[in-house]
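Presented below are the structures under discussion, each in the form of C-alpha cells.
In what comes next, subunit A is part of two complexes: it sits with subunit B in the first one and with subunit C in the second one.
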Partner chain A sequence: MESMVKNAAGRVDTRRAILSRWLDPDETTLAVLLLAPAAILLGVMIVYPVGRLIYTSFLDLSLTSGLPARFAGLANYQQMLDDPVFWQATWNTILITLITVPGALLVGLGLALLANLPFQMRWPVRLSLLIPWALPLAFAGLIFAWFFHSEYGVVNDVLGRIGLPGVIWFNSPRLAFAAICLAIIWKASSFMAMIILAGLQTIPRSLYEAADVDGAGRVRQFFEITLPLLKPTIVVALIFRTITSLQTFDIPYMMTGGGPGTSTATLAMYIHQNTVSFLDLGYGSALAVVMFGLSMCVTALYLRMIRGSERAS
Partner chain B sequence: MNASVSSGVGSLLSGKPLRAIAALILVVNGLFPALWILLTSFKTEAELTMKPITWLPHAATLRNYSQAFSDQPLLTFLYNSFMVALLSTALTLLVSVLAAYALARLNLRFRGLIMSVIIAVSTFPLVTLLVPLFETMRALNLLNTWTALILPYTVLSLPVCTLVLTSFFEAIPRDLENAAMIDGCTRFGALFKVVVPLSAPGVFTAGILAFVNSWDEFLLALSFNSNPGLRTLPVGIQLYQGEFAFPWPIISAALVVGIVPVAILIVIFQERVVSGLTAGGLKG
Partner chain C sequence: MSSGCVSRMAGLLLGFGAFAFATDASAETTLKMFVTSQGQPGIWRKVLDQYEARNPGVKVAIELGGATSDLQAQYLNTVLTAKDSSLDVLMLDVIRPAQFAAAGWTSPIASANMSSYLRAYAEANTVDGKVVALPAFADSMFLYYRKDLLDKYGLKPPATWDELATAAKKIADGEQNPGLQGLSFQGKAIEGAVCTFLVPYWSQGKAVVKDGKLDFDREAATKSLALWKSFADSGVAKKNIAEVATDDTRKEFQAGNVVFAVNWAYAWAMTQGADSAVVGKVGVARLPAVTGGEQATCLGGWEWGVSAFSKNQEEAKKLVEFLSSPEVSKFMAINGSLLPSYPNLYKDADVTKAVPWFADAQPIVETAKPRPVTPRYNEVSEAIRTTVNAVLAGVTTPADGAAQIEARLKRILR
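What follows is the complex of A and B.
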C-alpha cells in the first residue's frame, strides 16, 4: 500500500520533470527549438530548391513536349551560349544595373541631403520618401508607362511646353530603355534616400561646428566629413541595390513587355517566359543558374566586407 | 527656428525660401506620380484624348471607379492581396520572433555563422527559384492557391524581420526577463509575456515591412496564380488592358484603390516604418 503511493508519487515526479524539461529546456535545446522553424522553412524553400534548380538545369525537361525528363548534360548551357536573346537579356540586365544603381545613389543622396534640412514639419518630407518605396513596382511600371505615353503622356506634354518635339518612347529600343531606367531610378532612389538620411542623422553636429571654426567651407565639409562618414551606409545600400537590380522584372514587364522585339527584355523576364509561358523547365533553370551565379558574386563580396568591418572594429 | 540654423551641408540651403524649394522638390518627386494617377482617375475618356492634354480634370467623374469594380473583380484582387499579405506576415512574425530571441539572448556557438546565413538569404534572388518552386507547387497541386504565395513570401521577409527583431530584443534589459523567471515564468513564458510585449513596436515594425513586401510582390504571384479568382492586385490590374484598348482612366482608378490601403498604413505608422527600414537595411 505504502509502496504504491510512493510509486505513484514517483511517476508524478518524473512526469513533472519531463514536463518542466520541455517548458524550461537548457540553453542548447532551447536554441535548437527556437531556430528550427526558420531553419526548416529555409531548407524547404531555399536549400532544396537550389539543389533542384541545379539538377534541373542539366535535364531536358519541357512540359509541353509531354516527354519524361531526360538527362541532357550541358545541352541547356550550350543552347544558352548560342541564344542571342539570352545574351541580349543578360546585357540589358547588366546595363540596367550599371545605369540605375549609380543613378539611384546620386538621386537618393540628393534627396537625402534635401530631406535633412531643418524643416518645421517632418511628415510631408518623410511621406514623400515613403510613398514611392511602398508603391508596388508593378504599379510604378504602369504609372510610368502612362507618363511616357506618346499621345497623352505628361512627359511629351511637358516637352511640348518647353518647345521640344514629343517622341514615341516605346517604339525605339534606346528610348524605351531610357524610360525604363528613369522609372527604376525614381522608384529606387527613395529607399536609398531613407537609408542615407538615417546615416546623415548619426553624424555628430560637433564635427561640422569644429569645421566651421577651422573655416572649412560647406563644400569641403561635405567631401571631408559627410561623404567619408556616410561611406559604410552607402556601400551597404549599393550592394542591396545591385542584387535587387539584377532581378529587374516588374517595371520593364509593365512598361514595354520587353519590346520593341526583345530589346528591353531582362534576364528575369526571359526566365519567366521560358518557365511559365514555354514550360521549358530545363532551359529556364539553366538561365536561372546564371542569375544565381551573378547574384552570389555580389553577396560574397558583401559578406566579405561585413567580416572585414567586424574585424576592424 | 531661425536661431538654430543648422550646420553642415544643410546650411547651404538654410534660408527659408530655399528650404521651401527643397520641400517642393521632395514632395513633387515623391508624390507627383500618385497625384497624376489620381487626377487621371477623375477624367472622362473623352477628356483623356484631348490635345493638348489637360492637367486638372474639367468635369470630374467617379464613373471610372464604379467601372473599375464592375469590369474586373477588383474586390477579389484586393481580398487576395490582403489575405496573402496578412497570413504571410503572421507566419513570418511567428518564425522570426523565435529565431531573433535565440540570436539576441542565448549563447550560441555558431552565432556568427547563423547571422551570415541570414544576411546571405536576405539578398537571395527568389526569382532564380521560379522553376523549382513552380515545379513543387505544381506537383503539390498548390498552383492557384494562397499557400503557393504565402510560403515564398514568408521566406522573402524572414531575414529582414529577424534582423529588425534581434536589434529590438537586444535593447530590452535582461533583468526584466530574469525577474519574470524568478517569479516562476518559464523561458517561453518570459519570451511571450515580457519580451514580446516590450518589443511590440519592433514586432509591429517588422510586421509592416513583411506586409508591404508581400503586397508588392509581382513575379511569383504572376507565375503561380493566374486564375482570375486568385490573382493578387498587381497581377489583376493587368486584366483591364484590352487587346487594343488601354482604358487609362479605369486603370488609374483601380491603381488608386490599390494604393490607398498601404498609403494609409504608411501615413499612420511612418516613423516606425522608417526606423524598421534603417534597422533592417543597415544591420551588419
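What follows is the complex of A and C.
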C-alpha cells in the first residue's frame, strides 16, 4: 500500500518533470526542438528524394518491361558512356550554360543600368523589364518557335523585307541552337536585370558625388564604384542563373523538341524522355544523378568564389 | 450588408444544397473519356449524347489532350503511372494496346467477340489471348491527290514514287505557281514520321521485326531515307519538310497548295468541308511503291481501352462496347470520314454515299502493315522518327541515318 502511494507520487513527479522540461527546456533540448521542423522538412523534401534517386540509378527498373526492379550495379552508368545522345545532350547543356549565362549577364547589366537612369517615367521601363521574366517558360519557347518558323515566322519576314534570303532555322543544328540561345538570353536577362537593379539601388549616391568632385569620368565611375559594389549581387544572380540553365528544358523543348534529329536536346530533356516517355526509371535516374552532380560542382565553385571574395574584403 | 441580401444568399445556399442532394440521390455515374484533340471530339460528342439519352443515369465527359499521338501517350503515361482513377475510357493509337496491357494499365474486356472486326484490329487488340481494347476506327495511310490537276495534265495516280516525282514536276512546270508543292508528307519528329520511314522500307519487301527478333535491312533503310531526302532536294517537297507534321499536311492540302499528300483517312472529311479550297477536286489512292517493289502502307486506327484504375469498370466497359459497335462505326464513317473497323460497312450504301472512295479502301486497310509490336515501342518510335527528321534536315546522311536506327533498335530490342 505504501509502495503504491510512493509509486503514484513518483509517477506524478516524473510527469511534472516532463512537463517542466517541455515548458522550460534546457538549451540543448530547445535547439533540437527548434531545428526539428526544418530538419524533418529537409529530410522529407530533399534528402529522401535525392537518396531514392541515387538508389534507383543502380536499378534495372523499366515500367514497360513488366519485370520487377532488379539491382544492376553500374549498368546504367555503363550504358551512358556508350550513349551518343547522352554525350550530345550533356555537351549542349554545358554549351547553353556557357553562352547564355554571360550573355544574359551582359544584357541584364545593360538593361539594369538603363532602368536605373534618373528619368521621370520609370514604371514603363521597369514593367517591360518584368514581362519576359513573368512569362511562363513554355510560353516564351512557343513564341520564339513561331518567330523562327521558316514560313510563318517574323524573323524570316524581316529578312525578306530587307532583301536577304530566308533561312530554315530549325533545319540546321547551329542555327536552331543559336535561336534557342537567343530565346534563353531574352528570357533570362530580365531576371538578371531585376536582381542587378536591386543591387544598383543599394549603392549610395554620395560615392558618385565624391567621384564627381574628384573628377572621375562616367566610365571610371562605372569600373571603380558600380562594378565592385555590384559584385556580390552579380555572383548571386550568376549562381541562380547557372543552375537553372543547367536544367534548361522548356525553351528547347517547345522550340525544336531537340531537333533536327537530337542535335539540340538538353540533358533535362533527355531525362524527361527516358523517364516520362520510355518509363525507363533506372536509366533516367542515372542521368538525373549526373545532372545533380553537375549542379553541385557549379554551386561549389561559386561558393568558393564568394568565400574567396569575403576573405579578400 | 442589408438583411434582404443576406436572406437571398441564404436562399441560394439552400438551393445549392438541395441541388447537390438531388444529384446524389439519383446515383448518377459520370464517366471521363480521354480523346486526342485531333480525334474529332465534336463528332464523338454527338455519339455520346445518343448514349446518354439511352442510358439515363450515365453522363460522359470528354477530356481532351495531346494534339499528336506521342503527346497524347506522354500525358497518359503520367496519369497511368500515378494510378490516377480520374480517366475511365481511353482513346489509344493502334500501337499502344499491347504496350498498355504489358504495363497493366488497361482492363481486359472479357465479353467481347472479336471475330466481326477486321482481322488486323482483332489482332492488335488481343494480347496473350485477352481482349485489351476494342477498335474505335480503322485507318491507314493513303495518297491524296488533286484530281483536277492530274486530269488537266493527262496523268494517272502514280503507282511508284518515281512516277509521282515525274508527275509532280510536270504539273509544277505547267502551273508555274511557286506556292504549289508537289508532295507533302510528315518529316517532323512525330509518330507519323515512323510511318514515313516504314512505307518505302516495307515496299522493298523487308520487315523490321521477324518472329519477335530484330530483322533490320540497312540497305533498304538507306534507300527509304534517301527517297524522302531526294523529294526535298529536288523541290518536289518543300525545303522545310522537316518541320511538317500530319495536320500541317492536311491544312496545306486543304488550302490547295499541294498536289500529292500522304495522309490518313480523317483528312477526307475536312478537304470536303466548308472551309476547303479543294472540294470535289480530291482523289484518294493507294500509296505508291518503290520502283520494282510492292505497294505498302502503314496500319493506323485508334482503339478504346478501359483504364485499369477506373472506379466505374462495368459502366466503362459498357460504354466502350457501344463506342465500338457497328452502329457507331457507321455513324463515324459518314460524319467523320473514319474508316469502319467492320469489313461489311465498306460497301454500305449510306457510307459510300458520304465517302465514295471507302468502297475501294477495304483491301488497302486489310493489307496495311502494323508497326513493330513491343512494350518498348516508344523507344523504337523515337529512334526512327528523330533519324527521319535529322536526314530530312540534312544533318545526317541516309546511310548514317540507317546505321543509327539499326544501332539503336539493336539496343532496344535485344
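Please note the rule applied: the second predicted complex is superposed on the first by the 258 of 313 C-alpha atoms of A that agree within 3 Å, B and C clash if a C-alpha of one lies under 4 Å from a C-alpha of the other, contacts with A are read in each partner's own complex, and residues count from 1 in each chain.
FYI, a residue touches a chain if its C-beta (ideal position, glycine included) is under 8 Å from a C-beta of that chain, and two chains touch if they have at least 3 such contacts.
On a predicted model such as this, the values are computed, not experimentally measured, just so you know.
Chemist: On the superposed three-chain arrangement, identify whether subunit B or subunit C touches more subunit A residues.
Modeler: For subunit A, the partner with the higher number of touched residues is B.
Chemist: Between subunit B and subunit C, whom does A:T64 touch in the aligned arrangement: first, second, both, or neither?
Modeler: Only subunit C is touched by A:T64; subunit B is not.
Chemist: May I ask you to decide whether A:E224 touches subunit B, subunit C, both, or neither, giving the answer as first, second, both or neither?
Modeler: A:E224: touches no partner chain.
Chemist: Would you check which partner chain A:L113 touches, where first means subunit B only, second means subunit C only, and both and neither mean what they say?
Modeler: First partner only, subunit B.
Chemist: Tell me the contact category for A:V276 with respect to subunit B and subunit C: first, second, both or neither.
Modeler: both
Chemist: Applying the touch criterion given at the start, work out whether A:N171 contacts subunit B, subunit C, both or neither, answering first, second, both or neither.
Modeler: Once the two structures are laid over each other on A, A:N171 reaches subunit C alone.
Chemist: Which residues of subunit A are in contact with subunit B in one complex and with subunit C in the other?
Modeler: Comparing the two interfaces on subunit A, one with subunit B and one with subunit C, the shared residues are 149, 151, 276.
Chemist: Please name which positions on subunit A make contact with subunit B in the complex.
Modeler: 23-25, 27, 30-31, 33-35, 37-38, 41-42, 45-46, 48-50, 52-53, 56, 111, 113-120, 123-140, 142-144, 146-147, 149, 151-154, 157, 160, 186, 190-191, 194-195, 198-199, 203, 205, 208-209, 212, 218, 221-222, 225-226, 233, 236-237, 239-240, 243, 246-247, 249-250, 253-254, 268, 271-272, 275-276, 281, 284-285, 288-289, 291-292, 295, 298-299, 302-303, 306-307
Chemist: Under the definition above, what is the set of subunit C residues touching subunit A in their complex?
Modeler: 70, 73-74, 77-78, 81, 99, 102-104, 188-189, 239-240, 242-243, 375-376, 378-379, 382, 386-387, 389-390, 392-396
Chemist: Could you pull out which subunit A residues touch subunit C in their complex?
Modeler: For subunit A paired with subunit C, touching residues are 62-66, 149-151, 168, 170-173, 257-263, 273, 276-280.
Chemist: Provide the residue numbers of subunit B that touch subunit A in the complex, in ascending order.
Modeler: The contact residues of subunit B facing subunit A are 1, 4-14, 19, 22-23, 25-27, 29-31, 33-34, 36-37, 40, 48-49, 51-53, 94-96, 98-99, 101-102, 106-108, 114, 116-117, 119-121, 123-136, 151-152, 154-155, 158, 162, 186-189, 212, 215-216, 218-219, 222-223, 233-235, 237-238, 248, 251-252, 255, 258-259, 262-263, 265-267, 270-271, 273-274, 277-278, 281-282, 284.
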